[in-house]
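For reference, the structures are reproduced in the following blocks.
Note that subunit A is present in both complexes that follow, paired respectively with subunit B and with subunit C.
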Partner chain A sequence: VLCISGGLPKPTNITFLSINMRNILQWSPPEGLQGTEVTYTVQYFIYGQKKWLNKSECRNISRTCCDLSVETSDYEHQYYAKVKAIWETNCSKWAETGRFNPFLETQIGPPGIALTTDERSISIVLTAPEKWKRNPEDSSLSMQQIYSNLKYNVSVYNTQSNRTWSQCVTNHTLVLSWLEPDTLYCVHVESFVPGPPRLAQPSEKLCVRTLKDQTSAVKVK
Partner chain B sequence: GQEFQFGPCRVEGVVLQELWEAFWAVKDIVQAKDNITSVRLLRKEILQNVSDVESCYLIRALLKFYLNTIFKGYLGKAADSRIRKSFSTLANNFFVIASKLQPSQENDMFSISESARRRFLLFQRAFKQLDIQSAQTKAFGEVDILLTWMEKFYQ
Partner chain C sequence: GLKTLHLGSCVITTNLQEMRNGFSEIRDSVQAKDEIIDTRILRKTESLQDTKPTDQCCLLRHVLRLYLDRVFKNFKTPDHRILRKTSSLANSFLTVKKELRLCHAHMTCPCGEEATEKYSQILSHFEELTPQAAAVKALGELDILLQWMEEM
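So, the complex of A and B:
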């Protein structure tokens, strides 16, 4: 696309939003050009290699995001990406990300949670989140297989006593004991990996009521 | 607590999380100073498929190089106080680890130590192809690659 480079201000806030290795480049329109018919073109670069590469599906697009998950799927590499704005015959200079390291920067999504209960305990079964995959039919890869030191921060809230407590677990099953019968407990879980600081993705809150105390029920009869 | 186990070489008393936090505090600043993005010093093939036994030789060579060639020259130029603080945390911990590594010098380990040496030479050769300042900046910016590999031996 022939255009006068630098005729427009650059896009701003260019970053990767990465969750379970789904890596989406996102940016904001150039200052003062919100709402105008600006289009954008994206390129990416593999650190240590020679050339910037095009992303054909993100050439002359009007949206302000571009999914680069396929292009950045080898998490033993690091990457750069850049985007420029085009409007009529003018275009901006490239706006570039810092070095993106998906292995260290992707947010680890919450695990799946299954709760079963009896009078005084709740059993929690966790399922590790899955790595993003291109096609639903592709075989799944658990984030546990990528991060062998994946851990979970389990938070439990007693809705009656208003008390919350948390514990860090590495295995996928956990039994909460010495609970109150006939009480509603709510659980949410965060996955985390030791190492550089990462944004956390807390799970939905799941609530379950412990069963009534059967012994007191018998006495009543 | 946790310790490093590079094959037979064990190193206690180092909290890897502190190294991560030290580097992460300056990652963007340091990596932004590296303009030679077409060169990666710690390439995949250098750190891939390193056996446990070989890892002790390799990590020792890398840490000594970082201490003697990268950190030594870099500190004088690091004007930014954040960089200096992170820098000294990394350098002190690298020194502790390197000084506790005692790889075997037995003859029967020659082929393994040679394999580690070849890997290290790939790194050193790439380093020497750049001017010293650019190379030091690049190597400092690649500490995340080094720590990611070291984490595999931290239990």
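So, the complex of A and C:
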């Protein structure tokens, strides 16, 4: 596309939003051009290699995001991406990301949670989040396989006493004991990797009620 | 916490997480100074974890010496925050290198052909650049080196 380069301001806030290695490039429209029919073109670069590469599905697009998960799926590499705005015969200079390191920067999604309960305990079974995959039928790779030191921060809230407590676990099963019978408890779990801080994705809150105390029920009879 | 590195029969402890946290605070600033993005000094082909265990200690020892002698010394910046962080990282590297020297003294840090070849590759990538540009690039690649060490 031939256009006058620099005729438009650059797109702004260009960053990678990465969760479980699903890596989406996102940006904001150039200053002062919100609402106009601006289109965008994206390129990416593998650090240490030789040239910028096109992403054909993100050429002359009007949305302000581009999924580069396939192109950045090798997490032993680091990447750059850039985007430019095009409007009629004008286009902006490229707006470029910093060096993106998926291994260090991806947010670890929450685990799957299964709860079973009896009168005074709740069993929690966690399933590690999965790395993003291109096709559902592709084989799965657990984030645990990528981050061997993956841990979980389990938060438990007693809705009756309004008390919350948390504990950090590494294994995938956990039994909460000494609970109150017939009480609603809510659990949410966050995955994390020890090391430099990274954004986290807390899980949905899951609630379960402990069973009624059978012994007191028998006495009543 | 401390991390134990298993490098063949050389086993050392390091404050790896402290180094990673320290570097993560300056990573964006340091990497932004590296404008030569079409070359990389620490490449997958020369990675520590893909080196046979008996040669890992020697390779790491040489790479740490490169960082101490030619990266931390040559890295120039007016930013005192970055300077503080890099000197703290240099001290940590010095500590690790002393532990590796003990392994060397106890004959558990031999330099085989693989370590020698890989280190010479790393050095040639490094020496393709001017000293200052090489120092900036190598410092910006600390996340790679620390990741290699994390996997030991």
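Structural remarks
By definition in this document, the second predicted complex is superposed on the first by the 221 of 221 C-alpha atoms of A that agree within 3 Å, B and C clash if a C-alpha of one lies under 4 Å from a C-alpha of the other, contacts with A are read in each partner's own complex, and residues count from 1 in each chain.
By definition in this document, a residue touches a chain if its C-beta (ideal position, glycine included) is under 8 Å from a C-beta of that chain, and two chains touch if they have at least 3 such contacts.
Note that the coordinates shown come from a computational prediction; the quantities given were computed from them, not determined experimentally.
After superposition on subunit A, the partners subunit B and subunit C are seen to clash.
In the superposition on chain A, A:Tyr80 makes contact with both subunit B and subunit C. Judged by the touch definition given at the top, the superposed model places A:His172 against neither subunit B nor subunit C.
In the superposed model, A:Gly48 lies in contact with both subunit B and subunit C.
Shared-chain residue A:Arg59: touches no atom of subunit B or subunit C.
Once chain A of one complex is fitted onto chain A of the other, the partner contacts of A:Arg120 are absent, as it touches neither subunit B nor subunit C.
Residue contacts after overlaying the shared chain place A:Gly195 against subunit B and subunit C alike.
Taken together, the two structures place residues 45, 47-50, 76-78, 80, 98-99, 101, 103-104, 194-197 of subunit A in contact with subunit B in one case and with subunit C in the other.
Within the complex formed with subunit C, the residues of subunit A that make contact are 45, 47-51, 76-78, 80, 98-99, 101, 103-104, 194-197. Interface residues of subunit A facing subunit B in the complex, by the touch rule stated above, are 45, 47-50, 76-78, 80, 98-99, 101, 103-104, 149, 194-197. Taken in their complex, subunit C has these residues touching subunit A: 17, 20-21, 23-24, 28, 31-32, 34, 37-40, 43-44, 140, 143-144, 147, 150. The part of subunit B that touches subunit A in the complex is made up of residues 16-17, 20-21, 23-24, 27-28, 31-32, 34, 37-40, 43-44, 48, 141, 144-145, 147-148, 151.
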